[in-house]
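Going by the order they are written in, the chains are A, B, C and D; count residues from 1 in each one.
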Amino acid sequence: MAEISFRQVLNDTLREEMHRDENVFLMGEEIGVFEGSYKITAGLLKEFGAKRVVDTPIAENGFVGMAVGAAMLGLRPVVEIMTFNFIALAIDEILNHAAKIYYMFGGQTPVPMVIRTPGGGGQQLSATHSQNLEAWFAHIPGLQVIAPSTPADAKGLLRTAIRNNNPVLFLEHLALYNNKGEVPEGDYTIPFGQAKVTKEGKDLTVISYSRKAAIAHEVASRFERENKLSVEVVDIRSLRPLDRETLVNSIKKTGRAIVFEEDWRSYGVGAEIVATLQEDAFDYLDAPIKRVASLEVPLPYSKPLELAALTGVQELEDAINALAPRRRRR
Amino acid sequence: MAEISFRQVLNDTLREEMHRDENVFLMGEEIGVFEGSYKITAGLLKEFGAKRVVDTPIAENGFVGMAVGAAMLGLRPVVEIMTFNFIALAIDEILNHAAKIYYMFGGQTPVPMVIRTPGGGGQQLSATHSQNLEAWFAHIPGLQVIAPSTPADAKGLLRTAIRNNNPVLFLEHLALYNNKGEVPEGDYTIPFGQAKVTKEGKDLTVISYSRKAAIAHEVASRFERENKLSVEVVDIRSLRPLDRETLVNSIKKTGRAIVFEEDWRSYGVGAEIVATLQEDAFDYLDAPIKRVASLEVPLPYSKPLELAALTGVQELEDAINALAPRRRRR
Amino acid sequence: MSTEQQKRPDERDAIVKSISRVVTLPEDEDQETLVHYYSQMLLVRRFEEKSAEMYNKARIGGYCHLNLGEEATVVGFCAGLGPKDYVYTNYREHGYAICRGISAKTVMAELFGKETGCSRGRGGSMHLFSVEHRLLGGYAIVGGQIPLATGAAFAIAYRGSDEVVVCQMGDGTTNGGPFFESLNLAKIYKLPIVFFIVNNQYGMGMPADKGSAVPELYRKGCAFDMLSERVDGNNVLAVRDAMRRAVNVARGQHEPVLLEAVSYRFKGHSVIDPDRYRNEEEVKQGRAQDPIPTFARRLLEAHLIDEQGLDRIEQQVEREVEEAVRFAEESPFPPIESLMDYIYAPDNVESERR
Amino acid sequence: MSTEQQKRPDERDAIVKSISRVVTLPEDEDQETLVHYYSQMLLVRRFEEKSAEMYNKARIGGYCHLNLGEEATVVGFCAGLGPKDYVYTNYREHGYAICRGISAKTVMAELFGKETGCSRGRGGSMHLFSVEHRLLGGYAIVGGQIPLATGAAFAIAYRGSDEVVVCQMGDGTTNGGPFFESLNLAKIYKLPIVFFIVNNQYGMGMPADKGSAVPELYRKGCAFDMLSERVDGNNVLAVRDAMRRAVNVARGQHEPVLLEAVSYRFKGHSVIDPDRYRNEEEVKQGRAQDPIPTFARRLLEAHLIDEQGLDRIEQQVEREVEEAVRFAEESPFPPIESLMDYIYAPDNVESERR
């Protein structure tokens, strides 16, 4: 298998899906002439023309709503919202329209569309450009929320998203775009609602998604090499629908868990994971599940403050060491 | 003490605060001539005039943003968003501006404002007019989220909200407006971040807020009268800041808890409560904390379906009976 | 038809402000059609009166917004469209659904929340929908339907087919961002869409000219160099003709058009609104514009119908409405087991190429 | 000053499209002021060049948007304001901060993320702020600042004081809902505000006339019957005078005004943008409009300064910028312990009556 970057695999997948189905088109700010703020759509305007790679003005509510309407007539829009933060301006069309139209009208019109958007902090983009709002969208029935951590998953899940008949929020991460990984050839798809054990372990489980899942995997692998603890890593991948079974099974095995998330701790994704596990795996838990999340502060620009606010490798290692069943292992 | 309705106490409190401080003014759709979609502002236009009771066009992003700007200059806007659902159009000004301006600019300008809005379903208002999105806002550092269940708390907390120097989301509930209760006279205020044990009990704890806390209190009182179980009820009242201590202390006493919430279960308020308790009271939990929440569906119009989708008295009683420590009590 | 020359020589679209004028009917109109418009207007009127009655009997729940007073606008709107054109509306859409061809029965059944309703009882009064009749929804978030309609027009242009989308909205909706963003998008992409403002002069209690910086709402088109026109919403033929002109431009030139029909809301904002905030004299004048008797007079004077004919129509309409209520009453509610259906469309439902 | 007669007899606000014209300086201008404008423009130019250099040296992080090419607009904008007027801008605001009187040192310190920065290092390049200088913030959500500025103007009207708010924004921002909603709100409430569009002809890679249905952005004011004017953004005096006229109207009549300055973005959207999407010839022409040498020539020809004078200014400016960098370098980062400060304002901070 070839080693491909996250950015490249997204670009390839969009191209392939556009070739496969003429109803698939791209829409968003600066995705054409500018080739995307993060170059995910590089070359696609040249290849497919302005009909299928649509540069929009800065009107998130307007063009996201347009995508919903186009989907109602059977097109398959793939919308790029330049960064996750700007979705705040389009939420009405997502919450009250995209997610409700199929149900509210008694199942007469599916809304097959994808919203791609990169989230995440760590590049000194300040408070309004560094947010992780995935918990909001995972809360909404009618939506599906996907957050891959590897190029392979990005390929398989983006294909599934584009072919799915319902609205999908496909969450990317600024700091993942340059990550490389092996990617299966061909028409590779991954069903929604399947978490993945990316590393087996027996002492404890780290549950994560998107960029933090990639970091968790590195940390766990290092712990193994340095034969410290045996850490299992579960990549949620799909926040809605959520794969409770895979999570529960891992806890039944390890009895201990950490949720590693980049969003704000309170009312974040980790809260749901913890609640789910204590409901379904209560008797298997040897210790409280820890949440390792970012500090609850509007992310500051100043580098030292930003570093202190965002959770990372150090916080995860400390949590693993604190939670590890030392005595039992003697 | 006088028995006053929730609606009346909100109206009285707004009037009193407007008399107390000329910087306090009201802004929103139909709050003046129309006297409010739910008549909370009845009579205030006549009393204070159009300068301080400002009818706005249908432009939530615009007038909520205006309130933020007016607050930056020292006014104290109290904005009504006709129903919680429409806040979707104003989220950018709340998330990226109201909640960040004080921090992002290094503490130079506080943003003292209140957004009042009624949420909740049960009146056949359909999918886009029946939502409970409080978990979204409770997730945001820089905001405060308040959700009273009694007229007395509404009085004390709304006063505090208006006098607070930071943005507050003050959550009301359509089905609470006609509820009556005793209300302390005078300049009664309640600090934020204090949950309240509204009924003492020993068998288990029901944790709730807003309308569901009122229902929980009724159910628990009936269980006592019918000397069934002894149910403690904790009204969170303040979702952000959250009073962990009061919640934990109740669990230390009862060992069992139910979170009773009207919002969608996944990634909702209950998830945070459960996560918090299993972190801080893990060793005191005799059974998994149950979440009794609404079904995850865009709320249907048809009455029988709507009733089936919303959680209520029956679901709470079933949960209490299922969770109760029967054997231990023999 | 630009903002400069929106007055037409035959004055059909001229604004009648206070006095209700009886224009003699043009020669070229055929009798059947004109009588049909009358009976449609009457059907909407009676249907809405019945809806209010059923609401007060608690057969209908939630919010219920009526087209009372707007019948000429509603009928003219639908008469100007082709069968394959798409319609998006706000929540005040009973009349549009009926004139679009959805039977009064299935509309009433929807208001009753029954499985036989046009949205299977899931939507209710504010959310009528029918793929078959190309009514792509009544929406209750003010302005929410406008970007959707713009996107539907985008899909038509993308496919190169020749339908047009017509997006209805109220006067109060034209002060919101979604309205302005959509007009700009429709113009830069040259989309086949008509933005149709029903200026019933109120958004709940807010007078149209108080919430908007410009009282003539069609003038907002100037910010987008958009063809814009205002028409007398109490004149069914003027509305129909203006709509035809607009639809022709949209279809033929792929140019969006902004159309404003000036009408009047006879009653409160919704059935529960006691309507205490309007000046009596004004309401009297507004109701004096009643498009239905006015049009009846025109038909009588042109000898296109006689009193008996009008009575027959009255009876037919009454029967149709009674039928609708009976049908709605007798229809079953959706089964509780179906509560979780339709949250997600299955993979096999290849979303229809409409 | 209505949209009809925006051309002024003295042509100061006429648009110079391709050739850069040397207008002789009007008599009534005093030397000091004119020379001061020149040195301010040069200061902005050198400050921005230095910012780019520091960004590439990784002293500055995040996004960094420069005013290169917009100096006449920036200086004219600030010259037209009174000291008590409030300014809201977007994220391309270094020049506005400096010309508003915030020292280059504290601005550069902010870009470095230092405690001595004008936002205590919390905001960075996109979020400059100073209560003292009444710069109420640079904002990075496109359009987000417009409702805020409108609300600030509301507060002024509420208090009956006589300041004016000026809200700067880019061309691409005028296609979004917040822009339109704010103009309508400002007009119906009669607020003392000037909406100032810097049409630098691009929103990132999107040409202004591609994203907007109307190429002349000031014309969007027509949808609100708002006084609107377009001015040559390369002519510092024309911008200042237009701003003065606008501010006078806003202050005196509490009428909002929409002002558009046509300028040109010399470089990429931000420092990291290689700017590959623009046509070379066009960029050459745009840069040929460089307002700084043009203005220098005018000063020389009017004998208001000589070459040595220009050199002295060049040196002063260089020194000021070097000073700024040194100050920023030497300033401390905010202490980690202060991370959680300023999330919530304490109760005792009675929010200042500004």
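The definition used in the following text is that contacts are C-beta pairs under 8 Å (C-beta built on N, C-alpha and C of every residue); 3 or more make two chains touch, one makes a residue touch a chain.
Note that the structure is a prediction, hence the values are computed from the model and not measured.
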Between the pairs B-C and A-C, the one where more C-beta pairs touch: A-C
Maximum centroid distance from chain B, chain identifier (CA atoms): D
Whole-Å gap separating chain B and chain C, where each centre is the average of the chain's CA atoms: 38
Distance between chain centroids, defined by C-alpha means - chain C, chain D (Å): 46
For chain A paired with chain B, centre-to-centre distance based on mean C-alpha positions, whole Å: 30
Computed distance of Cα centres, chain C from chain A, in Å: 42
Of all residues in chain B, the ones touching two or more other chains: 56-57, 59, 61-62, 85, 88-89, 92, 96, 103-104, 126-128, 141-142, 296-298, 300
Junction residues of chain C, two or more chains touched: 121-123, 127, 139, 141, 144, 175-178, 181, 184, 188, 210-212, 343
Chain C-touching residues of chain A, taken from the complex the two chains share: 25, 51, 54, 56-57, 59, 61-75, 77, 92-93, 96-97, 101-112, 141-142, 144, 163-166
Chain D contact footprint on chain A (complex, rising order): 29-30, 33-34, 37, 55-62, 85-86, 88-89, 123-129, 295-298, 300-305, 308-309
Touching residues on chain D, where the partner in the complex is chain A: 61-63, 113-114, 121-127, 139-144, 172-173, 175-177, 203-206, 210-212, 277, 333-334, 336, 338-340, 343
Residues on chain D engaged by chain C in the complex (per definition of touch): 175-181, 183-184, 187-188, 210-214, 219-226
Of all residues in chain A, those that touch chain B in their complex: 61, 85, 88-89, 91-92, 95-96, 99-100, 103-104, 126-128, 131, 133, 135-136, 138-142, 239-240, 242, 263-264, 266-272, 274-275, 278-279, 282, 285, 287-291, 296-298, 300
